[in-house]
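One structure is given below, represented as structure tokens, and several questions about it will come after.
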């Protein structure tokens, strides 16, 4: 039986809102796809666009950044900066060939466990449909990296 | 020798004679007849200065070499620089980012009908809508009328690329960047790239391999374009400096197009504009 | 002299392709570079100078020199031996650059194992220049458009095809099955550029080390690396250990060697932050002194073969031939006591 493509999704969750929201989803026993690899950051404003690019280069099929709702940032302004940065980054990545459906930025508060699960499910489906991230010419390099990692 | 040459030389001589600046950065011809940057420190050398449509290098980059005090208790040097309308917005950027002080710089502004490299008009000149610098201390005007191009289809090539699939775009860029040799000429020629240590060369954290021929080198360019979001003035010095003729300006122009659309902002119009990504409007809700 | 027609040359190359890798000038997105060919028709022979020199085949842009596995024990593995290749269509100036490489990497102990392996497995077939091109100055630095230094075979284009000079054992080996026609005419003389400046001697360069000229010259240098990367003789490099795989209890690294240059601002910066060449003037001066003074004094050959690529590529219009001419002028001035 052919193995179905399971995307690798790197998720940056801000400590005060979205990470707590993910915790709530867990304690409420709401199931969501297990494709995400969570990295906790203090604030969505901490997520450097370099992280996103590095994630794609190292084999991620999708990158998700979830922060506090605008106006509710624990550090007052972090998510506003993130909002500006990613509105631009999306366009740039899409222009260079990384489909805009592979980068997802949204706002999930600490009490929105259900929303967290919904958002993750939706994004995982989206990336599944787009298929594996293949940077032309990079696939051989990534394949070799994968071989070495499991060897 | 044109009337513009005469006026540039006169202005340079005046600034040097009066001790207003210690150096005038302009253009001169070398022994092969090619145009290159000139650094005039003595009034009598000002006769080397010229202006022609071959003057395609952005001289504002050189201000970074003269923005710090050369030693203990020594003042920051005062410099005059010959600027075209596209260059001078880079000067505004550097004022806004507090890299250079207004009082240390004299701007010899020129009206410009466009410059060319190897006989071909540069891309940003083809679509340039301004022929007079937005800021200057002295304005030297051409005695020929300067036409603003009527072809307003500035984004035709970008829109065409936007109509392709993502795969086709990726294939295009992979092909273009295949011949990149990571010489960093683009970065060095850019007036906006002045980091002491570029992320591309950092060992710790290790963002990208030093490998010169792995396909991931394309991401040096993506990151550089991103770091110039809201800061690139569209002078195309990067593309002019590239020894492999890679169409780098497309990335920067794409970002500039989106920024104009989303924020109604163009870099370098005034010296007080805060850099775009360091400010925000609490009411804005952008499509991320 | 031995002569090959174009047809026979193509047949010979097609034959070579069956048994060995052949790298030749091909067009890659508008630029002429030396790449592996699959068919003889890909080769471009009608060119002045390629955009990148063939040194990429003997001294690759990026090369792993060691593979390291760090687990319970540390295991080291050497990179695989390079396959034999024939580098075809090499200009005499580019071949002469190998003299500079050999002097450092082979003739002075310890030998560089990577370079030695590449050198041994590469056969160079040259194509002489019928004239000196616009920014060339090979004759000013001891070369010539028809020089045989560093080559295993030299081809010269003539009316009937190519005149062939087989120069070394390696050359004999790959041309063993070729049948040449014998012609009685002599090789044409290439057209030279007259009036080139003459290169000053190393002690004359040394006398000018502290001259103000270097400060003025380096004002326009952008510290990019373009000149060194297109140069056939530049051979400085950076070495970094890069993580390639990580899993519990095991880390894999490769030690990568990549081109670098003394004109880059961080090149000479050492741990602690001290930088002996912290100004553009010191770096650019070093570039020229390395080529014309330090390198010949330490190793013998000059660090420049007069190909002129740096002149074409420099975004700031720095011209190495102008530097040589100015040094000649300054030396004359010194001699006259000015």
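In order of appearance the chains are A, B and C, and numbering begins at 1 in each one.
The definition used in the following text is that a contact is a pair of C-beta atoms (placed from the backbone, for glycine too) under 8 Å apart; a residue touches a chain by one contact, two chains touch by 3 or more.
Please read these numbers as outputs of a predicted model, since none were measured by experiment.
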Chain nearest the overall C-alpha centroid of the shown protein atoms: B
From subunit A, the most remote chain by mean C-alpha position: C
Centre-to-centre distance between subunit C and subunit A (centres being mean Cα positions), rounded to whole Å: 46
Averaged-CA centre spacing for the pair subunit C and subunit B, given as whole angstrom: 32
Rounded Å distance, subunit A centre to subunit B centre (Cα mean): 35
Where subunit B touches two or more other chains at once, by residue number: 178, 214
Residues of subunit A touching subunit B in the complex: 49-50, 53-54, 57, 70-71, 77, 80-99, 105-106, 135-138, 141
Touching residues (chain side subunit B, partner subunit C) in the complex: 30-32, 34-37, 39, 57, 61-62, 65, 175-176, 178-179, 181-185, 187-189, 197, 201, 203, 206, 209-214, 240-241, 243-245
Sites on subunit B touched by subunit A in the complex: 161-162, 166-174, 178, 199, 207-208, 214-216, 218-219, 222-223, 225-226, 229-230, 251, 254-255, 258-259, 262, 276-278, 280, 282, 284-288
Residues on subunit C engaged by subunit B in the complex (per definition of touch): 28-31, 33, 51-52, 60-62, 135, 216, 219-220, 222-226, 229-230, 238, 240, 242-243, 256, 258-259, 264, 266, 280, 313, 315-319, 322, 325
